[in-house]
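Common to both upcoming complexes is chain A, partnered first by chain B, then by chain C.
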Partner chain A sequence: MNAAVVMRLDLKGLSCPLPIVKTAKAMKTLAPGELVEVVATDPGSVPDFKAWSQATGNPLVESDAQDGVYRFVLKKKEM
Partner chain B sequence: MATNDVLIVGGGVGGTIVANLVAKEAGAGARVTLLDATGTHVYQPGFLYVAVGQEKAENLSRDERTLLRDEVKLVVDRATFVNTDLKKVVLASGRTLRYDELVLATGSRVVPDEIPGGGAAHNFYTLEGAVGLQRALDQFEGGTIVIGVAGIPYKCPPAPVEFAFLLDDYLRARHIRPKAEIKLLSPLNRAFTIEATSKLVQPILAERGIELTGFFNVESVDPIAKTVTSLEGETVGYDLLVLVPPHRGAKLIEDSKLGDARGWIPVDKNTLKHCSFADIWAIGDATNIPISKSGSVAHYEATICAAEVVAAVKGEPAPAHTYNGKVMCFLETGQGQATTIRFDYDHPPVSPSPSHLWHWAKLLFNKTYWHTVPQGRLP
Partner chain C sequence: MSVEMLERTDVAAPKPQVQDKLTIFAWSGELDKIWPTLILATTGAAMGKETTIFFTFWGLFPLVKNDVRITGENWMQKMLSMMNRGGDEHLKLTKMNFIGAGPAMMGHLAREHHVASPHELMEIAKDLGVHLVPCQMTMDLMGLKKEDLIDGLEEPAGATKALADAQGGMTLFI
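Coming up: the complex of A and B.
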């Protein structure tokens, strides 16, 4: 899975809604099917990324948390 | 005792409080100078009311001199560069001001043109912008008014929601509400960053017929087609567009390389001291602290910063009491009601049910501000 991650965003320390905005900007630069990995420390990012993925149609393919750091892998939707 | 030169750059709410408190507490130990580019103090929370015709622009400005203690020297000039090696600030006139302690209360600036077509949108983030929006609303006879956010972070996070409610009041008072649609585009899937407050205001938005579109981060405006497009790929048409413009730190900070890529100054979130310089502090909108950019934050930080500077001037240990992230915002919900949002680093936000009481409290604060806040009379 990790082989297809073409971009990593370190959004630790940023508070909502900045992680969503930065991720939305980054997604614009990806080709369909490419993956972006995001790490954030804002606990609100967990429901926000889930909802953003559903609203925009860019699948959330991985999500986990460790020691207060939340990690998400999002896939750019097919056109 | 030696006399220290304390220099404060920026005569907004934070800088003015610091200047007055340091002059009062440090006495003969400090020569306090406040540097401001205009010499005019502007009460920015009033812009929202100017936009909807509830306040006159001329009531929002006062001569900065009248808000300062006599001992504070006011210099009206624009800072162009901070030389941290020589501990000097260079001014547009060519003069320089030296400092032992420097407080950067340089605020934020709006850059509407940073997004394509952004300059075509109205905003209420400058006095001129608010006056222009008021004129446009006066000529508005019906159609779709779109309110959106073109950059994060921005000043006064509840402002777009407040504007939507006050706009609804304005259109009802003119009896043209049935001919108008109000669309509020939000960066998240709710009205406002804070979930508890969103839950409170969303039913009221629905009740007033204000349409909420979530996950709409404005990317560009097409002023010819009259459409606004999001990073998420959606496009919405408008007749009148009101955008929160992208914000950056002051040009002085960017030119002096004292901030991050957007000009926000990195400071310790408790002591407000610059991460790289022991004799520089920053407060208010100017910092990179992940907390609301608002007058209340600048106000609370200013009292902490002043105590830090006074301790430095006196050669005493830094005060144990530091900034705890306290934020207090009013949020107008229209029809003469308002709520508040209060939180700090350790306590999640709480908002009471909207009521007339909080609306009157905000109006009272707007009126009494000039005699209490800049002087440092309110804790």
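Coming up: the complex of A and C.
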């Protein structure tokens, strides 16, 4: 099943802890199973998003980097 | 005395409701200690943890409103606030303070690197539902009144409430 990305967050330029804080807040508005795509430029966001996903149970579906821009796709966990 | 073994009835054991909690005891009032305190608290809340900051001793001064200059009732408390201005926009560094030049440069660097200031993080913490609890005893000792402190704080409390809230969770003393 291919869930659609329902939200895009551009968090380029922001430093720790804002990328996680803003993503967590935005994801509260999503329904379970919905996807959010986040782009950030903070290199620390790579381990942070992985850890946040593991700690909160919201799966990190995709994670890649290109030209200093880090892209993450997170799925809102099922209740 | 006799012991009678009764047949066990299958009662579903209640799942221990261990709440994922983070409690930070903010003892220090300097910029370079309040900053990570607020970074960790907002991150904890973003991770879904029930997060509390218990502000005590020097940690209480960043909660003073930025436009409140002198606090306290007697000369000692007033002198204390003279020497140690409250407010999250008047914080000093633990090292390289240089009569305020250090914090000013730190603020400049933070803006350049888009790092949220303690003031912004305090607002984010409130927005995320972080419990901000001032220590009643320190307020009395230092002569700080509720009206001297910023809005959005919880009722001042004591060590027992702080420890009871922290029980079973992650605790940090900064």
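Here, the second predicted complex is superposed on the first by the 76 of 79 C-alpha atoms of A that agree within 3 Å, B and C clash if a C-alpha of one lies under 4 Å from a C-alpha of the other, contacts with A are read in each partner's own complex, and residues count from 1 in each chain.
Everything that follows uses one rule, which is that a contact is a pair of C-beta atoms (placed from the backbone, for glycine too) under 8 Å apart; a residue touches a chain by one contact, two chains touch by 3 or more.
Because the structure is predicted, anything quoted here is derived from the model rather than measured.
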Have a look at where A:A65 lands relative to chain B and chain C in the superposition and call it first, second, both or neither.
neither
Applying the touch criterion given at the start, work out whether A:G44 contacts chain B, chain C, both or neither, answering first, second, both or neither.
first
Of the two partner chains, chain B (first) and chain C (second), which one does A:A4 touch, if any: first, second, both, or neither?
neither
In the superposed arrangement, does chain B or chain C reach more residues of chain A?
B
Scan A:L18 for contacts with chain B and chain C and give back first, second, both or neither.
both
On chain A, the residue positions that both chain B and chain C contact, one per complex
13-18, 20-21, 24-25, 52, 55-56
Which residues of chain A touch chain B once you look at their complex with the stated criterion?
13-18, 20-21, 24-25, 27-28, 44, 48, 51-52, 55-56
Within the complex, chain A is touched by chain B residues 152-153, 187-189, 193, 195, 214-215, 217, 219, 231-233, 290-291
Across the complex, what residues on chain C touch chain A?
39, 42-43, 45-48, 113-116, 124, 127-128
Chain C-facing residues of chain A, complex
13-18, 20-21, 23-25, 52, 55-56
